[in-house]
Amino acid sequence: MKTDAVDIVLESQPDINVELNGSQIQHDLPTEEMLVNMGPQHPATHGVLRIVLRTDGEMVLEAVPHIGYLHRCAEKIGETVAPYQYIPYTDRMDYLAGMNNNLGFALAVEKLTGLEQEISKRATYIRIIFAELNRIASHLVAFGTYGLDIGAITPFLYAFREREYILDLFESACGARLTYSYITIGGVTDDLPDKFVEICSEFLDYFEPKVKEYNNLLSHNHIFVKRTADIGVITGEEALDYGLTGPVLRGSGVRWDLRKVRPHCSYDEFEFDVPVGQGLKGTVGDCWDRYIVRIQEMEQSVKIIRQALEKLRGTEGQDVLHKKGKTIKLPDDDIYFEIENPRGQLGFYVQGNGAAIPARVKARGPSFCNLCVTDKVCRDVLLADVAAIIGSLDVVMGEVDR
Amino acid sequence: MILAVGLNHYLVLSALIFSLGVLCMATKRNAIGILIGVELVLNAANINLVAFSKYNAGVGDGHIFAVFVILLAAAEAALAIAIFMNFYNTLRTIDVDRGDELRG
Amino acid sequence: MDDLAFYIFAAVSLLSAIGIVASSNIVRSAVCLLGTLGGVACLYFVLDANLLAVIQLIVYAGGTLVLMVFGIMLTSKSPWVGFRATRGQVAGAVLVAILMAVGISTLVLTAEWSQSANAPLKTSPSVAEVGEMLLTDYLVPFEVASVLLLVVMIGAAYLARTEK
Amino acid sequence: MAPEEIANILKDKFGNKITGSNFETAHPHVLVEAKSWLEVARFLKEDPGLTFNLLRSISAVDMLEDDELIAVYDLCACRPGDRETDMCAFDEFCVKVKVPRNNPHIPSVANIWSAADWHEREAYDLMGIVFDEHPDSVMGVEGRHPRRILCPDDWDGYPLRKDYRFPMEYHGIPAVTEYEQTRPVH
Amino acid sequence: MSQITLPWIEKSPETLSGYRRKAILLLFVLAVGHLGIALVSLFAFKPGQLADWKIPFVLALVLGASLAGMAFTAGAFGVVFYRIIGKFLRWSYVAFALFLGGVVGACLIVWLHAEIFTFIKGLSAAEGEHRVWLLAVPYDHTVRNIYAGLEAIGVEVPVLAYALWPLQFEFIRDLVALGGIIGFISIIPAFGIWWERKVSARIQSRMGPMRVGGWHGWLQSPADGLKLIFKEDIIPPEGDPLLFRLAVYITFVPPICAFLALPFAAAWVFRDLDVALIFILAMLGIEVVGVILAGWASNNKWAVYGSMREACQMVSYEIPMGMSLLIPIMMAGSLKLTDIAGAQAGGFWNWFVFANPWCFIAFFTYYCAALASCKRAPFDLPESESELVAGFLTEYSGFRWSLFFFGEYAAMFIVAGLAVILFLGGWSSPIPEAWINSFLTAVGASPDGFFGTLARGLLAGGPIIFVLKATFLFYVQLWVRWTLPRVRIDQVLYACVQVMLPLVMVLLLANTLWILGTDHLQWGWLNVIDGILHWILVGIGVIVALAILCIALYGFKNNKRLVGQLAVVDQLPGS
């Protein structure tokens, strides 16, 4: 089985070593096409993504992503441990949105076992608060690193300054700052700490004006707009065809958010908007649209958290963790369940066979599906645009490779 | 003192650089190597001009000539490299010995 | 001091020139050319031709040399591609070059120059004087040169254009 | 639209190419025979009443007892609504395709949903289901198959199969620890 | 427990203090001995006793002994008072002053030497003694001659004459000046990098380096430099190792050469070239060759990309940069930087930036082009991290890598200095000297007295004013870098060829005609318009300066604003 990745790429281009006497190809300047390995260690690839670029000078003719450098057999592990033991593994998939991953897996298992109806309201609201806080944290990282990709270093530090507060909140609730395992099967592991509601609403008051600061600093910066508008345009149809979800799909102008169209976790009780890309600075579906959708989603998340904190007031004393969470047996059935993760639709396919351990666990990572459009978008763009496009897709390699 | 520098020193230096430039033109088969040889020869000529201006004439004529030589050398280099590009475009090499083929 | 400077810079220029000829790698030749150009520019400083020296630096070293290195990079697949001349050609060329060097040197050393060759004139033209000459006595060549540059610019762009 | 209705539409259209269905489960689905999957898929995508334009996931499952592999296609319809006010309409559906374990061949739907490209590569890589006519195919020992995606291209075997044994070394690199080598494999 | 045994950790405190006592004793003995030798020899060698070739040995004996003695004394005191000195160094402002003292020290040495040099040149030459000694260097003064001159001003220290003897040679003067320049150049990156990190930290609402050296991490750059020197030196074997090494020096040396022609004040210039401006531009232009070679010799595709971008960018931006500079040249009518700066003396309204609208715009076009040619953000494409890993620096490490930064920071200071000399009045102070004199008279101090001279030296112009102005422009470069994203290569070239070049050409033409109308043809109406525009521009300048001052004060007063008021977070367990 001789299927070396580089050989395959080489197959598709003319042999550069052949003597081209009197060849019919006449270029502007006699330049050679060059194969460049962007990654696995490259600052713009957000982890261990490797993209083989076929370039003609600064022009990228073809960009083939190669993934798998962070493959940790997460699905295989799922077949050897009980669902509640698998929760910590989901943290490590999309490590920037651990709460949402926990939530996705917990909801899938609860739906499969019928535990869904028995989760207390308080636990549901706490789940929503943390999922949305985590969405803000994740979008902050996306915003900051996108600035880095474009060459602005300062927004990154601003984003991390705010994210630090969110991580403090998480730490106060569950003790961890990155891999929380807080939302678990049957609810959340522990009730909120004292004064959490006050501190959280204080944070929201502090955070809301910061979004304006980000817009002044980066979003409407002329150079930034020039770098991102009309770059990497994905139309709505293309986005659906490639299975893109989340801010990437909404950036293409499709108003599609699982929290609205098929609400899970009583999201239907909340009032919020779904921002979509409108092509304010260029074409609908360009990098700027995908970027601004994330910024606007942070504002909407703030709105949701405020409502959830309000709803939380009447629920003191309710049990936040269902007793059956650790002892459930999975029925001989399967389920595929998706939630709206910061990066898109995170789906878990869980198949049980009557035992406590699932027969098959599959995670459908939004980053994995969003990344597959790279090949299509990164054609005939400049080298710098590749960084801009990859950054605007906001992939987390932990989830792509699982 | 025998080491005291005069006009002759400059002229001999210029002669040596000139010969090296000619040698460079003769031995290099890379077209850009030949261009480098031409630059050497022009530099040798410039040294002469400036040295004579300093030691013999005392007016700026030598300087003016040298300015024009530098200017023409730059123009010549730009044009020559454009030609080499074309040459390379057709023959995929800049070996001058291959330039005798009467092909497009 | 001037004498010492002459010897140093002459040695730099000559050694770099030898390096150009001796090096088989064309990029190294170009780097050696930088040495020669710099050495010659310093010699101009020694000869009180300051304007010429800086022009040499800015046009040759900053412009032409970059152009050449560009040309090298665009026309070779690898830095190590070298086309060697045959042994006979090299021997002949060296012989001719040595004869030429000896011949010119002898000619120069035996020639009778109009003034005493070892007494430099104290008056060197200043920048202002050179500039004034360019715009008075040498105005026509100056303008012709500017037209020539324009023609070269257009010609170079024409030669390196897309062929359709 | 309820899954039963969609299943009925499909049964009317394709008859016995739809080999079964199950709606009494957490995951209602229909079973489609492998060789007609391509036309069913095209119908699901292009029929104006269905328009399942978003392929969410392809999950490959190994049923060792039944000696078959299942490819679970989870589809979703995103029908653009009124852009300014309304959400897109939501509809979901699931199709399962069963293939024998020793010769798993399913026609590739990557030309219908581009999203299937990477999902099919992943299903081949980890479970060994060969998707015929996949656009990113390479020639293997047993014919053309999709290129591997997560594992290295020269990896041997399909790690998610139930009877997979983890290799002891890969290109001279010890792949499992001493402890794991002595431990019984699941 | 670590298995490594360190002898000085194993020893008991008693042994340690024993060592210390011994060390102090030894150092004091050595110090007294050396100082004694120096003291004896101070009066021992009478002029005329020694042949000329022995002078260096006498100097070595005297200077070496006294320097060694002082060093040993300092060492002994250091060991005695090491605790107090440690505390002293931690004391913030003193430490910072010590650090900045380098600049002042370099200035002082150069100034002192200039005074001595004038003194020696002022002595009457020795009677008929023109001797040729070593490399045909004629000298005017014997030691006896200098001693006579010293005696005439009442300094009867024979050794001083020996010490002054070498200073009469031009090349020694050049060496001292070169030492001053190199000292200054070494301070720029060390200070510049530390300052850049502090500025960026301030912009990003964090602290920046805080540990090394006590106050605000002022020793961070030297510490980093030390680390870089000890790092492994990696040279890609597949590239061209010779050119790989050479490229560093081709990049690093030209910006330093440019300092040879950069005047810090009227007399504070190594060589006052009549073509100084073009010389500096040429030196900045040669840098690009080194960068191309660095990329080429690295045998790395990212490095080649970086160097090609650098070549495109620098070669194209040199043209608008040079053409912007032609405008002040035209105003001053000279290529000599001292002339150009001298033409702007006497108050900030005389600066060329306010002279007419064309100069005003030319200042900004020059500054933008200079940013691009220094490859500073937003034009830092050659080393753009997120696209090209590190551009042409990808394969460089350790000390070689840091030399590139020496070159870069030197070039940054050069372009800032050029902008100051050509547009912002050079070393002349914004306040006219006459005002300072009258102010001094008004407060009762004589303008020629000690304080008067000091005040005039500080306020009325000089190297310190020049360095301050250049440092401000340097700061603006940092400010821009940490605020803006990076542009793309096609946008960079578009901005140069399609925007900046036509603009600068129009400016050049307009300025030529303007000068022709105002200065040569003396059109009255144009002179009136010129005057009005001049004062409008001065007004704009004042407003901008005040605005920057206000913003700075506001930022200083509200320096906690960015961090926010989220006090409760501190009570969370994680904080």
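We call the chains A, B, C, D and E, going by the order they appear; numbering starts again at 1 in every chain.
Everything that follows uses one rule, which is that a residue touches a chain if its C-beta (ideal position, glycine included) is under 8 Å from a C-beta of that chain, and two chains touch if they have at least 3 such contacts.
Just so it is clear, the model here is predicted, and its values are computed rather than measured.
Visitor: Determine, using the mean of C-alpha atoms as each chain's centre, which chain is farthest from chain E.
Guide: D
Visitor: Could you quickly compare C-E and A-D and let me know which has more C-beta contacts?
Guide: Result: the pair with more contacts is A-D.
Visitor: List the centre-to-centre spacing of chain B and chain E in whole Å, with centres computed as mean CA coordinates.
Guide: Each chain reduced to its C-alpha mean, chain B and chain E end up 38 Å apart.
Visitor: Where the centres are mean C-alpha positions, what is the separation of chain B from chain D, in Å?
Guide: So the centroids are 70 Å from each other.
Visitor: Roughly how far is chain D from chain E, centre to centre by C-alpha average, rounded to an integer in Å?
Guide: Centres of chain D and chain E (C-alpha means) sit 67 Å apart.
Visitor: For chain C, jot down the residues that touch at least 2 other chains.
Guide: Correct list: 3, 51, 55, 63, 70, 74-75, 160, 163.
Visitor: Residues of chain B that contact two or more other chains, please.
Guide: 3-4, 85, 88-89
Visitor: Give the residues of chain A touching no fewer than two other chains, as numbers and ranges.
Guide: 26-27, 29-30, in rising order.
Visitor: Could you pull out which chain A residues touch chain E in their complex?
Guide: It comes out as residues 34, 36, 42-44, 57-58, 147-154, 157-158, 161, 165, 167-169, 171-172, 175, 177, 193, 195, 198-199, 202-203, 206, 217-218, 221, 223-224, 226-227, 382-387, 391.
Visitor: Inside the complex, what are the residues of chain C that reach chain E?
Guide: Interface residues on the chain C side: 1, 3-4, 25, 27-28, 31, 34, 50-51, 53-55, 57-58, 61-63, 65-66, 69-70, 73, 79, 126-127.
Visitor: Where on chain B is chain C touching in the complex?
Guide: 3-13, 15-24, 26-33, 35-37, 39-40, 43, 46-47, 50-51, 53-56, 58-61, 63-64, 66-68, 70-75, 77-79, 81-86, 88-89, 94-95, 97
Visitor: Which residues of chain E touch chain A in their complex?
Guide: 200, 203-206, 301-302, 305, 308-309, 377-378, 380-381, 384-389, 482-491, 562-566, 568-569, 571-575
Visitor: In the complex formed with chain B, which residues of chain C make contact?
Guide: Per the stated touch rule, the residues are 2-3, 6-7, 10, 13-14, 17-18, 20-21, 26, 29-30, 33, 36-37, 40, 43-44, 47-49, 51-52, 55-56, 59-60, 63-64, 67-68, 70-72, 74-76, 82-85, 89-90, 92-94, 96-98, 100-101, 104-105, 108-109, 113-115, 117-121, 123-125, 129-130, 133-134, 138, 141, 145, 148-149, 152-153, 155-157, 159-160, 163.
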